[in-house]
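Naming follows writing order (A, B, C, D, E and F), and every chain is counted from residue 1.
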Amino acid sequence: MTDETYTASIVGGTGFTGGELLRILSGHPDFEVVQATSRSADNMTVGRSHPNLRGLDLRFSDPDDLESVDVLFSATPHGVSMGQVDEYFEAADTVVDLSADFRLPEAALYDEWYDGHTSPEYLERAEYALPEINRENLSGADLIAGGGCNATATMLGLKPLVDAGALGPDTGEVVVDVKVGSSEGGAGGGAASSHPERSGVVRPYAPTGHRHEAEIEAYLGLDVSFTVHAVEMIRGASATCHVFPDEPVSKADLWQAYRGAYADEPFMRIVSGGGGVYRYPEPKAVAGTNYGEVGFELDPGNRRIVVFSAIDNMMKGSAGQAVHAANIALGLPEDAGLEFQGLHPVGSP
Amino acid sequence: MTSDTDPVMAEDPITGEEIELPADVEVGEIIDSPVTGTELEVISLDPVVLEEAPELEEDWGE
Amino acid sequence: MTDETYTASIVGGTGFTGGELLRILSGHPDFEVVQATSRSADNMTVGRSHPNLRGLDLRFSDPDDLESVDVLFSATPHGVSMGQVDEYFEAADTVVDLSADFRLPEAALYDEWYDGHTSPEYLERAEYALPEINRENLSGADLIAGGGCNATATMLGLKPLVDAGALGPDTGEVVVDVKVGSSEGGAGGGAASSHPERSGVVRPYAPTGHRHEAEIEAYLGLDVSFTVHAVEMIRGASATCHVFPDEPVSKADLWQAYRGAYADEPFMRIVSGGGGVYRYPEPKAVAGTNYGEVGFELDPGNRRIVVFSAIDNMMKGSAGQAVHAANIALGLPEDAGLEFQGLHPVGSP
Amino acid sequence: MTDETYTASIVGGTGFTGGELLRILSGHPDFEVVQATSRSADNMTVGRSHPNLRGLDLRFSDPDDLESVDVLFSATPHGVSMGQVDEYFEAADTVVDLSADFRLPEAALYDEWYDGHTSPEYLERAEYALPEINRENLSGADLIAGGGCNATATMLGLKPLVDAGALGPDTGEVVVDVKVGSSEGGAGGGAASSHPERSGVVRPYAPTGHRHEAEIEAYLGLDVSFTVHAVEMIRGASATCHVFPDEPVSKADLWQAYRGAYADEPFMRIVSGGGGVYRYPEPKAVAGTNYGEVGFELDPGNRRIVVFSAIDNMMKGSAGQAVHAANIALGLPEDAGLEFQGLHPVGSP
Amino acid sequence: MTDETYTASIVGGTGFTGGELLRILSGHPDFEVVQATSRSADNMTVGRSHPNLRGLDLRFSDPDDLESVDVLFSATPHGVSMGQVDEYFEAADTVVDLSADFRLPEAALYDEWYDGHTSPEYLERAEYALPEINRENLSGADLIAGGGCNATATMLGLKPLVDAGALGPDTGEVVVDVKVGSSEGGAGGGAASSHPERSGVVRPYAPTGHRHEAEIEAYLGLDVSFTVHAVEMIRGASATCHVFPDEPVSKADLWQAYRGAYADEPFMRIVSGGGGVYRYPEPKAVAGTNYGEVGFELDPGNRRIVVFSAIDNMMKGSAGQAVHAANIALGLPEDAGLEFQGLHPVGSP
Amino acid sequence: MTSDTDPVMAEDPITGEEIELPADVEVGEIIDSPVTGTELEVISLDPVVLEEAPELEEDWGE
């Protein structure tokens, strides 16, 4: 642990994940937020954008006037950070980026899945933020790339099976059916995200070809059949993975695989059967927190494993994951600033 | 449909079925197919030739 | 009744109330829809905007190319119809306008509550559409002005008390506390109506000074204290009126007043106490229909009457009201095209 | 068509699908509802249970006092009809059952998937209600078995692929990931369906082993990997089917298969791509109606077909399907009583 | 401040407010939870009832086996604590009760508003928990009575006007129109609170005669006209108070009154106009927190003040208020354990 | 309504209007008024006398 307080700034402070970073870091014992940027709300109080933060005595500043800090968090749309990364490193020792700009290990993947990359020289330096996948490389990292929320949910569900050898590149089809809340789209909005049109949907929004497939392939080595649906919630991403192992597995095998992977993880919970109302992972159970829940079930005959996982897309799926990774990079307690346990009951959070 | 002019007919580029378009369509206009709902671009008139319109890369959030 | 089929066009066909007009009129036995206009979706099928109407073989056309029809319905934002009304009457014998443009009886009121009026010569000719308030003047009317949804809910609740003499201009404070759904804002949207921000709110959106007060004053002769809250639903407006009568009234008096006013009304239901889950008026019970529900309760001591009323803002509160009024104007059965009974159960419709 | 009016009774009139039957049949030109039964609300008005039907002049009666009618609809929990079917046929010429009691073709399947069958002699006589699957056998049928809602959604999505030969018993895994609303659970309720606990969920409620698999196997000849999630809506069932055909197929092939299957179906719509907000099937677009929407998309490389389908579980998924089948059985117009087009916008209906 | 850790037990641990107490106290630096009771889930882990607390290593125990602790919190239905209070004091030095059992100052009021009181001798000893109303008497109190959630919302809104002399027993009508979420009903549920029936409502649930009027009269000296509506949310209570002062007041007067009352309060925020989406108090802005928001607006002519207030019914409206009061009673920092700032965006929390 | 017996008439205790009840109502039964929806208790038959049923103190949560 450390006595030092790290100064931090947040680029993209009016956004949804920027707001979460503000909330987390302003309550974090080892960080002091000195700056949050906005072009559209320059000089306005942060509480005007984020009503939960009215108590915070801070005004947005222009992203062109970056102050010198220990850690800069960037929560801007895809494409911004890759153009600003030199300026970021002039202002800060450590850069944590929540966008897709440094997530993939090779420039060629940006050509394939995005519109190319303008700063490919940083890709090798960047470390993927998700500790359950990449903890060993995060300590001391100075460029951290937050994972995609749907990719995070999926990889948390599948990784124990990969580690246990029940699943690999040759296993056969892995179908991943994801359900997500409306905050995934960010604060920008648009016709499809107006309240009357977006409410109550079960809407196929990425039927095929979602870019998060690239991360899953890069970090799990799996080619998955990926489909994303928008459903009625604001916070939450839930992945249901249908896996057909070569050899039948038992419930005991599965418990062993998941316990082995996550028993020591501070933010992972295995929820699989049991009693009461909440028997499998659910976004509601983790809303507002950095926790991830995973669980599983077997088809009669054991020829299919169904894996469920649930996260809050803005926490474990981005801002929480980013702070978790920064904690590791800086040698802080892993859960510092991330202690919130979530609410019960809670509706469509 | 304007009542004073007859609709024009064209071939749906996806299903090959004959479809009806308003009389006043113009080259370059985007119009949706009554069969598939797909957005089609009017490439030429007389005869009317349609092509699938390039999809708007609208990333509904991620 | 008549054998004639009336041709109809709808200006503002991509909008929310325009879509309802399309739905109602395309199922109406005495109307044939020949045109629906849109500037933004010219030549597109109506089903692209209104997925429930995919079965309709109709494309939007330009509002500058109005065809000759029997009845023109206009469902455009405030200010459009007053500028187009001459063109409307060139194209149609009867004009039904859903905006506020012809609702108030005098030009001076538009100066007071809106930004003035550019065609004040039409104001006297216009008839207010709400049959429960103005049925006697609708027969043969050729310019019909649809009421405001919140004003409609309020007036339906209070009118029986006014008629019964329990409420008048000198009665003392009448507090009207309204709760409305997000479709009131129309299809346009904006930051406050994005799904993440608008979901689950109890949001004071017109704390004081709402323009619908003008209609209530004009048609009920009452000066009310009016406050509107946005709540989580798409369709629905619910008005709770708190009335302090000069003389105490009894439950029997109230039943008599409301039965007297509404027993013969085809679309009004009195829901007041009783058993089961639905004991008072609720928007859910009328969603999608042209029905209005009213009910009441008394404070111990009978010094306060609480009146509840509930409508679907897009039906009884606009498109349904408009068709109801047109039916009367043309001598058609009052409920023609408006037979839908609504759904149970139904969520946040 | 016919001039005759058929008398009808509904057993289970306080329930959710019983309420829908009441709504449909009371607006149906060829039916007259003479009785709706309830044990718990005997002698109460039907409007007390179903607020949308306050206008109906009918009281519940005891299920032991069945009147003589042309058609008896039974909307009771699984197991009731199989015990009452003799009494039903004493009271009525035609019996339409919405439960699972007569859905499966053989008694052995009831042993396997349910708790056996007490009247197996009726199973051969029963006809499966879904016209898109079984129209040819419905004409004149006197025992009609309404399909399961999740099975209906799934089969509507997959049948065109089966018919086109793209999918068969040997094709390999078919993953079916279903999302359903809370009305599927019926009016009974329970801890998991209380508002605070059930709101906003993405909750795996039948991870594996759902009974509707039996119907899909029986009527499509397919063994599917089936998982059901509860999501935030009241009405609606949406099935996403992930299919891996032996041979790659093209979009044109798919259009041909689905157009071939459904172009002449009065209640089926193909929604697949296109513009605007509603590009694929969605429960919102069909809520309250008897319509079913299906659509599809292909993975890059064409190795996976994703099929989407959406219905209202209480309409196309039960009460609407039942009336549709009864219309065919009696030689009535297929869409009689089922004309409602649905609403736009609509929230979590 | 203190070095001591207080031991605490919670009677009614499976309930909604019991769950909140568990969440707050298990994260409270000065408390250690040693016991949570349940009759129905005796010996089960607390995480089974409250999925957010799966990390807590605690099992429910029988309420008949109370351990000796410093502070006992009781979160049971009305009527339980008055029968158990002797046992409570045998087990604990300080008792904090969340029910209505010790809220009112005199036994006569229990005769009038409830069904009488069986332990009236404790009423004088009890202190009302709401610090903004009763802070001066809480220090050292050993029987603390948590306020009613709707009464709390109302009194927080009106108290500054009473203090400023703008409102008093002779002022004339004060209309209080409250909107509440479904968690107010507790975990018990019932037909009216099933998801299909409770979703999306604007439902008058206490049209008149609500028991919270008694508290408002007792602690503010005001006789209010009180009506409560159930709306679509789980957490939240929002009170809109319509006040007609004898003398017109100005906006400046109001700011002065509210700033005077709340500028030093750690949990009160004045939100009144301003820019952005959140301009007035809203339950969403305080969901999960112990904050209360108040705001106001004036009618043109200044003859009506509209006061808005918003709280989380389970936090500021009960469990949070209770811990706040206990902190004061024990001399702990007022905000200990209550630091959570809430979420943005958040849906129907 | 059973088809074999005629409904019986009674006076609604709240509005005074005549209302129709099923033929088989019994003394003590609770039935809702078709006019007001109020739950009524059948006090006597022949003639049918109705009274407002004591309200179930259902406190929908607080």
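Things worth noting here:
By definition in this document, a contact is a pair of C-beta atoms (placed from the backbone, for glycine too) under 8 Å apart; a residue touches a chain by one contact, two chains touch by 3 or more.
In this text, all values refer to a predicted model and were calculated from it rather than measured experimentally.
Of the two chain pairs examined here, C-E and B-C, it is C-E that is joined by more C-beta pairs in contact.
Taking the mean Cα position of each chain as its centre, B sits at the greatest distance from chain E. Chain centres here are Cα means. That of chain B falls 35 Å from that of chain D.
If each chain is reduced to the centroid of its CA atoms, chain A and chain F end up 60 Å from each other. Computed centre separation for the pair chain B/chain F is 63 angstrom, with centres defined by C-alpha atoms. Centre-to-centre separation of chain A and chain D, using mean CA positions: 38 Å.
In chain A, the positions touching at least two other chains are 16, 182-183, 187, 191-193, 196, 199-200, 233-234, 278, 282, 284, 345-349. Multi-chain contact residues, meaning those touching two or more other chains, occur in chain B at positions 32, 37.
Considering their complex, residues 1-3, 21-22, 24-25, 29, 31-32, 34, 37 of chain F touch chain D. The touching residues of chain A, when paired with chain D in their complex, are 172-173, 175, 177, 179, 191-192, 196-197, 199-204, 207-209, 225, 227, 229, 231-233, 236, 238, 240, 242, 244, 277-284, 295, 297-300, 304, 306, 308, 310, 345-349.
Every residue of chain A that touches chain C in the complex is listed here, in rising order: 16, 182-183, 187, 189, 191, 193-196, 198-200, 234, 347-348. Against chain C, the residues of chain D that register as touching in their complex are 16, 19, 23, 26-27, 44, 48-55, 181-183, 187, 233-235, 269, 271, 274-276, 278, 282, 284-289, 339-349. The part of chain D that touches chain B in the complex is made up of residues 251-252, 255-256, 259, 270-275, 279.
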